[in-house]
Amino acid sequence: MRHRRGTATGSAHWIVFALLLAMAVVYVFPFVLQLANSFKTDSEASLAGMSLLPDTWTTAAYRTLFTGSAFPRWFANSVIVAVAVTAGRVLFGSMAGYALARLEFHGRQAIFAFVVGVMAVPGVVLLIPKFLVIRELGLYNSYLGLIVPLLVDASGVFIMKNFFESIPRAVEEAAYVDGASVLRTYWSVVLPMARPALMSVVILSFQGSWNELSHFIVASSDPALVNLTKGVAQLVGGGLGAGNQYPLKLAAATLMTIPMAILFFVFQRRIMNASTGAVKE
Amino acid sequence: MKIKLAIAGLSVLALALGGCSDDPSGSPSNPPSATLNTNTISILIGSSGQAETDAVKKAAADWSTLSGIPTEVIVASDLNQEAAQGFASGQPADLLYVSTDSLAGWTANGSLEAYGSKLSNLSDFYPGLREAFTIDGTLIAAPKDFSTLALVINTRLWEEAGLSDADYPTTWEQLESVAAKLTTDGRVGLAFGAELQRVGVFLAQNGGSVVANGTATANSSANVAALTYVQNLVSSGSAAFAADIGAGWGGEALGKELAAMVIEGNWITGAMSSDYSDVAYKAVELPAGVQKGTLQFTNAWGLSADGDNKDNAIKLVEFLTSTDQQLAFAKAFGVMPSVISASDGYRAQFPQMSAFLLGADYAQNLPSATGVAATIVDFNSTLGQLKDSDPKALLDAFQTNLEAALG
Amino acid sequence: MSATNVTNRRRTFRKDAVGWAFVAPCVIILGVFLLIPILMAAWVSVSDWTGRGSPLASGFVGLENYESFLGKGGLPTKDFGLSIRNNAYYFVFVVPLQTVLSLGLAVLVNRKMLRAKAFFKTAFYFPSVTSTVAITTLWTFLFSATGAINAMLEKLSVDGPNWFNDPRGIFHLMLGNPSAPPGLKQSEFLGVSLWDWLSGPSVAMCAFIVMAVFTTSGTFMLLFLAALQTIGEETKEAALVDGANGWQRFWHVTLPMLRPTLFTVITLGTIGTWQVFDQIYVSGHGSPAKTTLTPAFLSYQSAFVDQQWGRGAATSFVLFAIIIVFTILQRMVTGSSDLSKEKRQRKLLRPLRWLKEKQVAS
């Protein structure tokens, strides 16, 4: 009896394993195809897209991107914006999170409600409004216009707030007793303790701003300020003038994915925790 | 910010280099000033491909060398969107391609400045093209070039099908039969885009039009018959819409030999020579229905009212529409000059383009009143399903929308 | 008026100042780039601004912009009707599929004896970290007429459609694509005939539906996994005592305990599926035959392309209302009756679901 049960679960185990393996192939294979086809010629990619090994290897697509398009500039802009936005979100998010979790001041509840309420508005309905304000403030077609509106993100505030609420007050209180100011305590006592939560915010912020598209569409039209998502979107959406040119598009998609992939594989565990942490109750 | 600085730096440099250029004092509306306005002139274009992009960039750079004023060519992937966003932002491109569709709206809200009367070469433009960009008697913008549609044939496939020069179709019946002969496994005889901007030639050939004298005539019996003819062509399998055979447009279908014939404009020559130089082709006049018919397209150089170097931008337009420059554009990406002074040179240099020039004699303009563009977009969105639709129903819907738009 | 009272007040003031200083950057940026924009857009939605000069100087036109696409019956109404139809089908297909798939993956990956657990988690989650732009680019390639998907279908002797160029609704196709019965053809709602309302998502939209499931199931799988891990042991004990088999255990014990997470996932899915913009911007702007047009994209297009800023802003407010209504409806359907002790805490954390959506969408 016992033995039979064992083989039954054993085979069930292998069925599950095979099923998951098949699913994993479905999830990974598209990216393999993307990479393979970016090294093909134009016609081979459109006629024999399924083959994993190009008949004629060519790096023409990558060369075109780097020498014949503004791709390097897009890449640089994406880096500039993502770094600035990440820095801002970490700093402002942790400050606000700390204040909301620890400091007692009048209006705290109101601010919390305000942050919650304003953030409840879905992003896509803000396209037109954001454009109007950026324009009124004279930030249109400037790096400030790309960066500043993204500098605060409520998920960061919440992650930090939750984190600060979960750690004991004792250490900070010791600092206060020693006569340290709030700012000093925050900077040299609280922040170092918050490293895990800060890492989560860093990852989510970088990912968020690296992958953001709609904000950049409405915040500028200057070709010098185009970032990767917008540049590639326009390239794919007709910027090539005519023809499909799949290798070129796939090469662009591959290159813009690489930084995220590196971040992902380096901080794999933390990323997966961060993304559940942002929602976890 | 850095970019702005860099541009400013470049301007200074350009000023220094171009400081000795002749003082442009030709225009009376522009009294010579002590300092040259060296604000960069940005030019927003919707390009048909690398050939056009390169040609416009080169022309702009040539002018910058002459004038000492820096220019920047921006290629839009969606010209109307990028232009409209630019206008709304208060920082539009100084010069931009303006289609007849957008002209009325952008003029009405003050985005475009009418500068036609300031052009020194005003009388050189073809009157028919000037007309297309004139509102209430005022020429808003200078026509930059024009194009017509013709039947473009892959000559190798034509010969392989046993056809000769005598077989170029001049009637709808002949078109049908050569298309059938050219159809093989994996290739259709004829391809064109599923849009009024191509299909419209059949309406014109049948004596129809979409708007006549300001009245919507989309569902006239001539149009219904013409669209039914197109439907039969497509259903027979010897013709197909470009998208249905996996091509982005007619040029790609011809270049990749997915189709033996396509209905395209003279811009196809630019793409063929840059992307598919090994495909031999010939353009002939489109066949006639009850009459000869084709469509004509033209764009203008729009001047943004909010630009900060408008007088010099007009000078740039004069340069871009000068005889030599028009011929250079014609050579680079296959457009036809919008100025009369270039017509002889064009004929001499491009005898193979005669079909397109001949079409100019009887070409129709698509309507361009405010709101009509959206109805055409909507009609185009239904054309793709022509095979499974009732042509009359599609045109009826188009008619209803047109009537609403024309008010 | 004692000295302590004054000191206290001064101390409170200092506390307030410090607290406000800490939240100030956050509040200012949110105020300037979220609150003020919403107010401005509200004004534009009832004004006749044409896209030049200051919107504040434009004229008041009442509800005209709203009427232009809700009641007038012309092209704007039809476009809006189509966008709602398209997005409604997208919502109806994506939310159940992504929920079931991510739950399934989570349950399988959570099995105690499973080897290479980390590998599977990584594989399923990876599509979620890439941008919609990159994935859409890949999708236009995979689903092209001669692309990988059709090559695969060909091996199964299925003649694949020309995905992104095929506007036929799949319900119509299932019926053999017949011509419309006159009764259904004539009656219209929002400028779209009942027959067209019943078309189902177009073939092109199906490709986007698959894409959404592909890119979101990993994230949701992680949410389910986290929940499964916290309830894992107690569940097993309870179930073993009952002697229930695997399926019964899952259905009667695990699933009810996953209810809060299920609820979160469905809410996030609902909000996310009504905000489809990036993929439409990248691929075709609503083509073929406007069957992938979504309200979010339509709002953008009305304003930034057609220069109908008032209508565009009005469309985005209607979309906002739709999202709220659907979220409330979904809450009522999936029910929050037995949320006893967690209820208050969850209420407080509700916004997180909205927030999370941002990452899911991108």
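As written, the chains take the letters A, B and C, and residue 1 is the first residue of each chain.
FYI, a contact is a pair of C-beta atoms (placed from the backbone, for glycine too) under 8 Å apart; a residue touches a chain by one contact, two chains touch by 3 or more.
In this text, all values refer to a predicted model and were calculated from it rather than measured experimentally.
J.: Counting C-beta pairs in contact, which two chains come out on top?
T.: More C-beta pairs are in contact between A-C than between any other chains.
J.: What's the farthest chain from subunit C if centres are computed as the mean of the Cα atoms?
T.: The chain farthest from subunit C, judged by C-alpha centres, is B.
J.: How many angstrom lie between the CA centroids of subunit A and subunit B, rounded to a whole number?
T.: Taking the mean C-alpha position of each chain, the two centres sit 40 Å apart.
J.: Please compute the C-alpha centroid of subunit A, do the same for subunit C, then give the distance between them in whole Å.
T.: That gives a centre separation of 17 Å.
J.: For subunit A, give me the residues that contact two or more of the other chains.
T.: 46, 131, 218, 237, 244
J.: Residues touching two or more other chains, restricted to subunit C: which are they?
T.: 144, 146, 285, 304, 309
J.: Taking each residue of subunit B in turn, which ones touch at least two of the other chains?
T.: Residues 78, 85, 88, 90, 246 of subunit B touch two or more partner chains.
J.: For the complex, give me every residue of subunit C touching subunit A.
T.: 12, 15-20, 22-23, 25-27, 29-38, 40-41, 44, 54-55, 105, 108-109, 111, 113-115, 118-138, 140-142, 144, 146-148, 151-152, 214, 218-219, 222-223, 225-226, 260, 264, 268, 271, 274-275, 277-278, 281-285, 296, 299-300, 303-304, 309, 312-313, 316-317, 319-320, 323, 342, 345-346, 349-359, 361-362
J.: Provide the residue numbers of subunit C that touch subunit B in the complex, in ascending order.
T.: Of all residues in subunit C, those touching subunit B are 50-53, 74-75, 78-79, 144-146, 162, 165, 167-168, 177, 285, 287-290, 301, 304-307, 309.
J.: Over in the complex, which subunit A residues touch subunit B? Could you list them?
T.: 43, 46, 131, 135, 140-143, 218, 221-225, 234-235, 237-244
J.: So in the complex, which bits of subunit B are touching subunit A?
T.: Those in contact with subunit A are residues 1, 3-4, 47-50, 52-53, 72, 74-75, 77-78, 82, 85-86, 88-91, 246, 248-249, 251-252, 255-256, 271, 275.
J.: In the complex, go through subunit B and note every residue touching subunit C.
T.: 78, 80-81, 84-85, 87-88, 90, 105, 108-111, 243-246, 374-375, 378, 381-382, 384-385, 388, 401, 404-405
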